[in-house]
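Chain nomenclature is as follows: A, B, C and D, assigned in order of appearance, with residue numbering initiated at 1 for each chain independently.
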Amino acid sequence: MSILSVENVNKRFGGLQALNDVNLEIEAGTVHAIIGPNGAGKSTLLNCFVGRLEPDTGTVTFDGKSLLGIKPHEINQTGVSRVFQTPEIFGELTLLENVMIPAFAKRDGAFTMNAWGSVAGESDMYQKAMDMLDDVGLAEKSNDIAEQLSRGDKRRLELAMCLVQEPKLLLLDEPTAGMARADTNNTIDLMKRIAERGVTMVVIEHDMHVVFSLADKISVLAQGTVIAEDLPENIKGNPKVQEAYLGGAHL
Amino acid sequence: MSKLHTSRRGLLKGSAAAGIALATPTIFTSRAWSAGYTNEPTGGTVTLGFNVPQTGAYADEGADELRAYELAVEHINGEGDGGMLNTFSSKALKGDGVNGKKVVFVTGDTQTKSDAARASAKRMIEKDGAIMITGGSSSGVAIAVQGLCQDAGVIFMAGLTHSNDTTGKDKRANGFRHFFNTEMSGAALGPVLKNAFGSERSAYHLTADYTWGWSQEGSIKKYTEELGWKTAAAVRTPLGAGDFSQYITPVLNSGADVLVLNHYGRDMVNSLTQAVQFGLRDKQVNGKDFAIVVPLYSRLMAQGAGENVKGIFGSTNWHWSLQDEGSKAFVKSFGTKYGFPPSQAAHTTYCQALLYADACQRAGTFMPSGVGKALEGFKFDGLGNGPTEYRADDHQCFKDVLVVKGKENPTSKFDVLEVVEVTPRAQVEYPASLLGGELGPYNDGA
Amino acid sequence: MDAILLQILNGLDKGGAYALIALGLTVIFGTLGVVNFAHGALFMLGAFCAVAVKAFLGFEKVTLDPENLTAWGTASEIRQPYIESWFGEFGTTLLNYSVPVSILITIPVMLLIGIVMERGLIRYFYKRPHAEQILVTFGLAIVAQEIVKSAFGANPIPQPAPDAARGMIDFGVAIGFEAGNVVYPAWRLIYFLFSTAIIAAVFAFLQFTTFGMVVRAGMVDRETVGLLGIDIDRRFTIVFGMAAVVAGLAGAMYTPILSPDYHMGMDFLVLSFVVVVVGGMGSLGGAVAAGFMLGILQSFASMNEVKNILPGIDQIIIYLIAVIILLVRPRGLMGRKGQMEH
Amino acid sequence: MKIFEMNKSDAILFLCFSAAILAGPILLTPIGAGYPDLLQKFAIFGIFALGFNILFGLTGYLSFGHAAFLGVGSYTAVWTFKLLSMNPIPAIILATVVGGLFAAAIGFVSLRRSGIYFSILTLAFAQMSYNLAYSVLTPITNGETGLQLAQSDPRVLDAAFGRDYGAVLPSPDFFGISMSGYPGFYFCAIMLIICFFISMRIFRSPFGLMLRAVKSNQNRMNYTGLNTRPYAQAAFVISGMFAGLAGGLMAVTDPLAGAERMQWTASGEIVLMTILGGSGTLLGPVIGAGAIKYFENIFSAFNEGILMNAFSFLPESLQHLAVGITSLFVGEGWHLTLGALFMLIVIFLPGGLMEGFNRIRNRFLKRSGDGSGGTADTVPAAAE
């Protein structure tokens, strides 16, 4: 069953056709990778899923509901979480607070005037956040200020912030970019564990090692068009894909 | 430099008690709870509160007021040359303080804001034990502080405040004003304007858009229209507009031949400067010379407008070039101490301090109701304005009003105005009921 | 029609002052990312440069005349400016032209003030939160104000235009009006021309010089320009100095229109911020356009015909326009996305 | 975990705060501030600053128009006295409500923009309010003179309960206790303590956490399923209510409401108070408010006479020198001190006075701990 379906999506920026009639079906419970050369339109596509951009034409349907014309926070509340290319975290707050905020958002909705309660008194939220931090290996830093983390740790924190919401669909924009190899492997392990819980994931990634260790299915985007969509083992041999990359990638 | 050129020795003596008061736990000294009235002086001194603008647009005027107060305190305490005490018709004060107590003072900054002025006055009353508050350079502040003094049960001797409301709509029993008001300005200016410009005139008013401006505009309109003038237009301008060109250009082709600037302070300096810049002083309309009138003049502000005041008519409470004995004595003693002549603000505040001290002495008490009774209907002379009366009905002084004109050939930078006419008191008097308001009873406080 | 034309002239005049102050303010925003609450004070300091020049030129030789006594009994003083006794006629002329002459002094003095301010204080605040920039520059503005007050007093100081520029120019005749209908003070026309000349000079400088090019690039992306190995900091110091000069010149030349006092900077501060924001943060063209637009609208709103319909409109017009523009155009007339939004 | 310990330390903080406020008249007397009016101002501006801090300190939205809400609160309170009753309770309730409503309207429009654009919008609204209150709205505000009580006011509720004030001008009283002087201070002090408690609860609540998230990263908030606008709007309204209450209390202790209370300089003052004390900290804004009011009222009152007295221990020539220098900074020069103070604080203590206290405390704790401390970073935090 497909959980996210993208039909005939077009997006132009002035003279540039960023997305050209894109069609995509993401099956529930799978890891779907989107690859393609720089400027292929991968991030633009992702932005269309979360309300950051509105396609010119076409539909994006998640779990039977259209994602178009509604605000980013409403999209998130339907169960879509996103990890950004450069981590978007609450820099001035502690790690624990960073993870508790999405936990509250999941429980209390987009706006709740809970001005009289006490964060400290929310022991189940606290437990949930701590468990999540433990999951990503940041538990002992829970009282540190997020800004002071290394780039890799920030990424893990952002992942924890998304996962604590138990999303139905997790969008990841180059989750291992700029990471050391060991870190990358840790992240792959983590994502595998997430996948085992049945979370659907869409991953944009340049690192083919990551792609092939994780993806159940791969779509290749070039110049705004899906040029191939197949199982990982078949993608490598696809001549269109090879042409698109022109040997530029480590296939 | 606009700094106080005070003899520090004298000041040291003058406010020694205030210094001590600052260090004493005020919870024990701020109010004499057992006393019959607020801040009844119990020791050898009596504290007066001088509340003047020290920051903001009127800071120079405030500084001049403070100089006058210091001079008055010296004279009351028997130091210096005695100034107008020598010419004052009442001889109750002997130069040994008031009621046997030496006068000391505290100072504060009104910032020309009602809230700040009240806070400052409250400090003087609650903390420093001031028995009387005096000073100020605008009507809003005067009315605000007057209301406060009424509530607290101390006497308020208004400083420079020209609005009718101070002793009209908003008058209070505990408040007294020596300065004149817009009604008197209008009554005094009317005949002079008629003599100078004839009765076939059309006036265009630019009016500062707040209570004093409206009050001024109303009075001038009333008295000029009685003389046959027409009012072409009356335009309200925002306080502190800075550039008034957008209000002045419509005057050019309006057909009016008189421009009345109901502005004070910086507004007056700017609007007058700019009106002259637009050629209004030299203009001819309907075959007549265009005229500009500034109903309330102040020498300090006239200095700010420089050459632009030449030939411009207005009224003022007092001017240092007056040749009566009182004025001469005051100018001499002020000029000797500070090196330049006093402003009208300095004169009115000096008079107020003297009048208060004299009333206390005559009443034999500092109790507001007692002092007030001594001031009510009090007739005096020798303070520079000729025979004067503190009217009992509204606590307003009635005296001659000066109509002045910007001097064509000033001999010094202080010599910018010349007295055109001294309008006799009878001509500016009006019934107290005209302006409404209720004095109410005196409040002696605790 | 002539009334409207006159109001446009009034507006252009006012707008010239607004635009000159806003120009410097917006350049400082754009290049340094600093919210400079001391910019009004720079305008005021410029005005007092003119006051100081006049005071300096008019430095008087004081002789006592014991024949004539003052009212308080001391010998009266006869004052004659040294410059007149030394240079005679030329001295008188120089004194008469003190305001335009003061430009020569204002430029180096304001440049120095600007550079000292930037090197000594502002540069430590480039990356600090805007609130802290506001606090420190506001503090500086108060200090500058108080220093001026203690030197020159609180009263406005008359600062006449040269005699030659004191008259009116019959402006209307040239464009087909009857004589005497559209006359305008010469000095105000000079001020308008002066402000457009300065604006043109600033634009030309930024547009056609390498220095200007680097600064403009720095306004767009400071870090990249820094990475190119260009010493952007030194250039920004000079930019700050130039902004100070522009504000100072605006102040100095404005003194015949508005008698300067120590507090005048604060009055212009709020207004110039509104102008900058309406124009769009960091946009030079926007600041100039907004300055003239607000000046003209303010003049129109002050006309009796308008005030009769909407009483008090002239008191709020600037703010009302600011609100409307910001609601319609989120970043002002010509603002770029991301500038000063967080 | 640290986060759980806060309850206890908060309780201690709250009790200390309350005790310090209630003991204000005794504690502040040695520095010359122990008289009712200034104490009232401390409490009132403390409330104002606490409210402003909820908006600015937590969400980072810098409003330059908060004085408008203070002014509206004052006008509402005086009108309540005039029309309903001289009891302060209806006055402060209505002042709070109207302040909140006014803030809701202005916030609704202004919060459509952020950063400096938001600041200018709030400034514009406040300046419009001020200009109109000063001139055109004089029938409601009594313009420059300020709205005052009159003996002839209707006071419907008082009349209904048969209270007659006779020929004297009434003043606000709390069931017979006059609201001027020390009783007025204690009334304000209790309000301040209540507001401090509310502010503390908000700081520690999930709502407060969300507000801090608004300041930190609105983008992330949106993609986390949180709607930032209502949070900012709620903070804006709450701070407007605090401001309205403060304005109401100003009218309670001194029944006069003037337009200048709404001027941009007054809005600027509250910004300065908050930053000076330490924005985003619980206690800082109250301390900042106290510091500025202290300067305004005490430093401006020094004249040369007092200074001569203070330096009388010096030999005469030195005494004159000392007085000459000091007098530049006090009396008519008090603004200079204030300006210099702003600069010094922000240069050397970017976190405001609270940061100063914390540094002293940390240094002290370190010293007593291992004796090796004292390396606290006291140089100006250069940006590079």
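Please note the rule applied: a residue touches a chain if its C-beta (ideal position, glycine included) is under 8 Å from a C-beta of that chain, and two chains touch if they have at least 3 such contacts.
It should be emphasised that the depicted structure is a prediction, and the values quoted were computed from it without experimental measurement.
Path length between chain A and chain D in the touching-chain graph (shortest route): 1.
Steps from chain A to chain C, taking the shortest chain of touch contacts, total 2. Chain D has the C-alpha centroid lying closest to the overall centroid of all protein C-alpha atoms shown. For chain B, the chain with the farthest CA centroid is A. Chain B and chain C, compared by their mean Cα positions, are separated by 35 Å.
Taking the mean of the C-alpha atoms as each chain's centre, chain C and chain D sit 34 Å apart. Each chain gets one centre point, the mean of its Cα atoms, and the points for chain A and chain B are 74 Å apart.
Touching of two or more other chains is recorded for residues 150, 312, 315 of chain C. Multi-chain contact residues of chain B (touching two or more other chains) are listed as 59, 63, 209, 236, 238. Shared interface positions of chain D, defined as residues touching 2 or more other chains, are 131, 134-136, 335.
According to the touch criterion at the top of this document, the contacting chain pairs are A-D, B-C, B-D, C-D.
Those residues of chain D whose C-beta lies close enough to touch chain A in the complex are 1-4, 6-7, 201-202, 204-210, 212-213, 215-217, 219-228, 230-231, 234, 238. Chain D contributes residues 25-26, 29-30, 32, 34-38, 41, 131, 134-136, 138, 143-146, 148, 151, 167-169, 171, 180-181, 250, 254, 256, 258, 260-261, 296-297, 300-301, 303-306, 308-310, 312, 320, 323, 331-332, 334-335 to its touches with chain B in the complex. Residue ranges on chain D touching chain C, taken from their complex, read 56, 60, 62, 109, 112-117, 120-121, 123-125, 127-128, 131-132, 134-136, 218, 264-265, 268, 271-272, 275-276, 279, 328, 333, 335-336, 338-343, 345-347, 350, 380-384.
Those residues of chain C that touch chain D in the complex are listed here as 35, 121, 123-128, 130-132, 134-136, 138-143, 145-147, 150, 266, 270, 273-274, 277, 281, 311-312, 315-316, 319-320, 322-323, 326-327, 330-332, 340-342. Every residue of chain B that touches chain D in the complex is listed here, in rising order: 4, 6, 8, 11-12, 14-16, 18-20, 22-23, 25-27, 30, 54-55, 59, 62-63, 106-109, 113-116, 118-120, 122-123, 126-128, 139-140, 143-144, 147-148, 150-152, 165, 170, 209-212, 236, 238-239, 438, 440-441, 443.
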